[in-house]
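Labels A, B, C and D are assigned to the chains in the order they are written; within every chain, residues are numbered from 1.
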Amino acid sequence: QETATPAPGGATPPAAQKKLSVGFSQVGAESAWRTAETKSIRGEAEKRGVDLKFADAQGKQASQIQALTSFIAQKVDVIVLAPVVETGWEVVLTQAKEAKIPVILVDRGIKVSDESLYTTLIASDFVEEGRMAAEWLAKQTNGKANIYELQGSTGAAPAIDRKKGFEEALQKFPDMKIVKSQSADFTRAKGKEVMEAFIKSDRDQIQAVYAHNDDMALGAIQALDEAGMNPGKTVTLISIDGVKGAFEAMVAGKLNATVECNPLLGPLVFDTINKVRAGESVPKFIKSQDQLFEQANAAQVISTREY
Amino acid sequence: MSTEPLLAAKGVEKRFPGVHALAGVNFEVRAGEVHALMGQNGAGKSTLIKILTGVYARDGGTITFEGRDFRPTSPGDAQRQGISTTYQELSLIPTLTVAENLCLGRAPRRWYGIDWRAMRRKAEETLATFDLRIDVTQPLGTLSAAVQQLVAIARAVQTEARVIILDEPTSSLDSHETELLLGIIGRLKARGLGIVFVTHFLDQVYRVSDRITVLRNGTFVGTYEASQLSRLELVSQMLGKVPEELEPALHEHPEHRGTPVITAQGLERRGFEAFDLTIHEGEVLGFAGLLGSGRTEAARLLFGADHARSGTVNGSVPKSPRQAIAQGMAFLPEDRKAEGIFPDLSVRENIAIVVQRKLGFTVSRAQQDALAQEFVTKLGIKTPHIEQPIRLLSGGNQQKVILARWLAYEPRLFILDEPTRGIDVGAKGEIERLIHQLSQKGLSVLFISAALEEVLRLSHRIAVFRDRKKVRELTRTTLPEVMEVIAGEEPPHAP
Amino acid sequence: MSFLRKHITVLAGLLAYLVLYAIAAARYDGFLSLPVFINFLSNNAVLGIVAVGMTFVILSGGIDLSVGAVMSFSSVLIGVLIMDHQWNVFAAVGASLVCGTTLGAVMGAIIHKTGIKPFIVTLAGMFFVRGLAFIIHLESIAIAAPQHTSIAIMRVGPLPVTAVLFLTFVAVAWYVAVLTPFGRNVYALGGGEEAAMLMGLPVQRTRIAVYAVSGFCASFAGAALTFYLSSGSHLEGVGMELDAIATVVIGGTLLAGGVGSVFGTLVGVLMLGLILTSITTYEGMMSSGLTRVAIGALLLSFVMLQKLLTRRIAGAGRAT
Amino acid sequence: MRHRNFWPLVALAALLVFNLIFTTGFARVEFRDGRLFGTLVDIFQNGAPVMLLAVGMTLVIALGGIDLSVGSVMALSGAVAALLMTEHGQSVPMGVLAALGVALIVGAINGALVSYASVQPIIVTLVTLVMGRGLAQALTQDQKIRFEIPAFEFIGNGTVLGLPFPVLLVAAVAVAVSVLLRRTATGLYIEAMGGNPQAARLCGLRVHVIRMLAFMACALCAGLAGLIAAADIKEADVANAGLYLELDAILAVVLGGTSLTGGRANLVGSLIGATFIQTLTIMLQMRGVITEHTLIIKAIVALTVCFMQTPSFERMVRRLRPAEGA
């Protein structure tokens, strides 16, 4: 059996002499955002002397289900799950429920018929993020803009929800329209490539760019720069996530705003675990603090950015 | 024998890019007749057969089978209608067992599916008629070319067909198996089947055939009663000219010994007894033996193609063909398709591949072109141009290309495993002459052939193999003597 | 030829599997238990069913890259039919099987009729089917229908329904491969296409059937997926074609075709499952990168061990 | 006989003509800030990594092998270069050389396992596909590495005489490989081995060495592609660099007419294939086609182009021609 680093004397969980054991099933390490999340949860576990069993699913749901099954077999106290997709969790979560192991979802919700299968969800609201982005953009452009959208991976929940929220909010602004919308797979390279294609076909009409994550926006900025188009000035860019690179771009005046989607969930997760184990009731959806940053306040926050 | 044709083709046309393979060919076979189809390499024999059996679609002409118009859509279709064929290039599945190759498509069945035990029994029985007693559950690909050929023949003759077509069935068989096959052909003929027989061995043609059709360059020359066509006439019809006289026994001085070129000592591998061998400059050494006696195996050991358990060649352990080639050896394998040709490469590249080592790292097209052109002319290789992929050449011409590949390299010892396999009379004579010339110039040749007369005619010395063991070396010998040694019917001797 | 010699790669694979399983059992608590093993069967059932179909394709000398997409498509289709159109579960599964089989057959027909290489046809098929799946439903879809759930939680003895399906597929496929003329024709086709044609075997029919079988298996795997996950998922199929090919090939089937067996595929599937599970969940490595390195290293050591054992046993076999 | 690149070229030309007429902005090429600028340039610039992969892949496929690990090698080489230049303060040439060195090592491992251990290429390179990216992730601790090193960025973004540097790099590599294929013995040997490995051994070719060479050349191309990809976005993105590009590369090679069974290399065809794929991608992006449809269009177009190279298409054309005349 694997054991984590020995517990430092510090904060002990209220419930037991025995070390708290937590199983954490992570999706993988496909983005900086996710690595930051993993780091935050691992760091917090170490700090609090929790025995954290970590399973990297390499992006496969089957692996996550196996990980959960083995956590249940190993009788962990709590399961933390960052689900790779929203569906398909009924069976394994029922097992967890039967074994009386509370399940805490992080960063994305799931669709199950029985809400009691998980204890709580700690995450940002993707739809809300999209909405915030749209409203800010409308304000910034006085409700009138040709928008080019860089979508995340086709079929991925954040991509779908961020698009949905954004479009919903745009309803109120008849002069704001999405001219083109293409998937750029959440990556910088693709973001640049797709932006280049947009520039070549619609160069002078591009007034605003909305990217589902910062990486794609950074790629787009590069494309705009190379085309001599002045990102941040003639073209307004807004993206989501709030990674360090985005703040640097804002300080440089190239990115206009980013909606933070905070991956540093560690403290919140373990606080919640403690509450659950102490028998306190917790809300079904704990929204992590999402905040919109603009160029104006970017410089102050940039030093505090960890990822 | 009836005179009504069973299968008749009239004015058949076939064009390939750059080649008019068949131009108005007529051919027919009657019930109870053996009809030989003759012609030089590339004359169009195999192409005609492939058209008769639905492999290729014809570009013109008519074919009737039992009086009705006949347009087979695939070999399977032709088979179902009663025409059973062995093709020139072995058409069996090397990865499947012998038994399955015999029974594929008509395996014995029971309620639960294929009856493997019955299949095995059936296969053993079928092969027994060819005096072949082998483990039928081994993959076919592990067996020698000759055995594979027998299996293919057995497959063709065991079906309920009315016409049986055999395209060069005897090319790698030795006399015993050939005898058996000719016997079987006789029995089939007596049962009233029509048999089409392609071979380059004139003896066999005259032994069994009733009529002979000759093709030349894709054109129809004529159909003759075998009894009314002399050998000389036949050959001149095929070549389109009166052939030069074949030299008789080439070697008047069998004791001829130059300095040793290759000396092998104690070469051995699992199940193959250690043997010594010395080949001298300018000498032709023949290997004789029955099917499976180990001639090919011995040659491969010498060449480093198979791993020897112990023993040396010219003082060093043979490690790889590369090393052997560096020592001046060349090797023409018996299985052309599996080990000889590079199917997609052009004739030029197939010829240049070995000698390129000598020509240097950078390729000069002009040099390769000249080389290829030279050998195409010298060996009479029939190809539209030297850039033709070799797989599109006829079997015999492929063989000549491989010969050219090694001749270009100018080796000191040329190991020829069945070099005349599938080669027409004219070319066979040329190859024999070539071997003779080479040996005169000081090149040594190791010559393996299923045709004993050929071995005898060419060799200064003959090594006889039996049961994967070298049993004797003979000089100044005669056919009966060699046959006795091969059969193992003479008392043991001191080497 | 002895049984040993004939089935040497599969036996060596099995042996190597046992060795690695033993090592894992010694290393992790509770690894050596029936429930854990059954978990292996059910967790890898979807991949396994796909791989069974892939075995036929590879045996015939072809390749099918569309399986992952077809599997996803079929699971999403079942989800849509059940959830959005209130179909009966069996009708939905039936419809997806018809679609999958047809897609496979069409690809087979294109391969045979046009002579385009299977790699390309099925790669195009993969793109096509994936696009189709997104069109019928953009997101993965949760399936919550009582009838469907009751099947999903069904067990036969200790075995969950997916594991039963997998084992059934292996058994049936073994029967088809070894005891039916179709199965033997597949081997012949892989051993030499031209020869098979010249021998008069039904090459066209066999080839189209092989891809239809693969499509059938893939869509059936999609159905199994819906029972396993209670959802139709776009994600699970991504990259599955490579996993399926890998399991078939490490099971001893030659990529060139003609040689191999369905049991080898079973061993291959179990092996891949063992490697992934032990590394990603039991070992609990802290770095995603090292996890991958370990997976690769284990896979390689399995293949090498299998080679070594094959050589050993083959040597021993010849001596006796 | 038509030239073997005839139909791939026709397909590419048709696609280009379609775009020049119907896709707005496609035809525009300007000269700005000392560089050419326009979609036609983008096709080559963005397509450079896939073109490089296709060039290397052509060698391996002609040899009768396949290399699935190229995408991972890209990630690895980008990561190594970025790490050395940022965290270890090495110079740009050092970073580049080390990255290419690592790529060569992966290629050598591939070749050695295929050749000396006779494991099937697809398995070997699948293992290196998994391990290569894993190693890159482990080296970078799952982080993206950003950098601002103009000298290095030149590899992805620089221009020489107005032409993008990656394009020149591809051209140089392609010329080198085509000389290797057509003007040296090694090229002949590679094709021979793909056609009939047994015969190649009997002809005294150093089969192991040649296999190693081909796999190493392929990995080297992948390493270069990885450098371009990283330099282009000023970031080594281990998780995404080169992801699934092996399939694009193989597709390009096959679209170009090289048979997957080996035996013949068609380098120009592979380049045409890669250009075709990139043109199609950019066209779909410019026209704002949604992903679902993109997938389906790609499928149909790829099939059509391959169909154009088959004998059955040739027969169809021949049958149609008299009809046209009438």
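One rule holds for everything that comes next: a residue touches a chain if its C-beta (ideal position, glycine included) is under 8 Å from a C-beta of that chain, and two chains touch if they have at least 3 such contacts.
Everything numeric in this text was worked out from a predicted model, so none of it was measured.
Taking the definition of touch as given, a chain qualifies here only if it contacts subunit B and subunit C alike; those chains are D.
Each chain gets a centre from the mean of its Cα atoms; the one farthest from the centre of subunit A is B. Subunit B and subunit D, compared by their mean Cα positions, are separated by 44 Å.
As a whole-number value, the distance joining the C-alpha centres of subunit A and subunit B reads 71 Å. One simple way to say how far apart two chains are is to compare their mean CA positions; for subunit A and subunit D this gives 33 Å. If you average the Cα atoms of subunit C and of subunit D, the two centres end up 29 Å apart. Looking at subunit D, one finds that residues 137, 141-142, 259, 291-292 touch two or more other chains. With touch defined as above, residues shared between interfaces to two or more other chains in subunit C number as follows: 134, 138, 287-289, 291-292, 295.
Contact with two or more other chains is made by no residue of subunit B. Those chain pairs judged to touch are A-C, A-D, B-C, B-D, C-D.
If you check the complex, the residues on subunit A that touch subunit D are 28-32, 35, 38, 151, 154, 179-183, 185-189, 192-194, 196-198, 200-203, 215, 218-219, 222, 226-228, 245.
Against subunit B, the residues of subunit D that register as touching in their complex are 1, 182-189, 191-192, 194-196, 198-206, 259, 263-264. In the complex of the two chains, the subunit B residues touching subunit D come out as 17-18, 303, 305, 320-322, 324-326, 331, 333, 338-345, 349, 352-354, 356-357, 359-363, 405.
Those residues of subunit C that touch subunit D in the shared complex are 110, 113-117, 119-121, 123-128, 130-132, 134-135, 138, 242, 245-246, 249-250, 254-255, 287-297, 299-300, 303-304, 307. Taken in their complex, subunit C has these residues touching subunit B: 1, 6, 175, 178-181, 184-185, 187-188, 190-192, 194-203, 258-259, 318.
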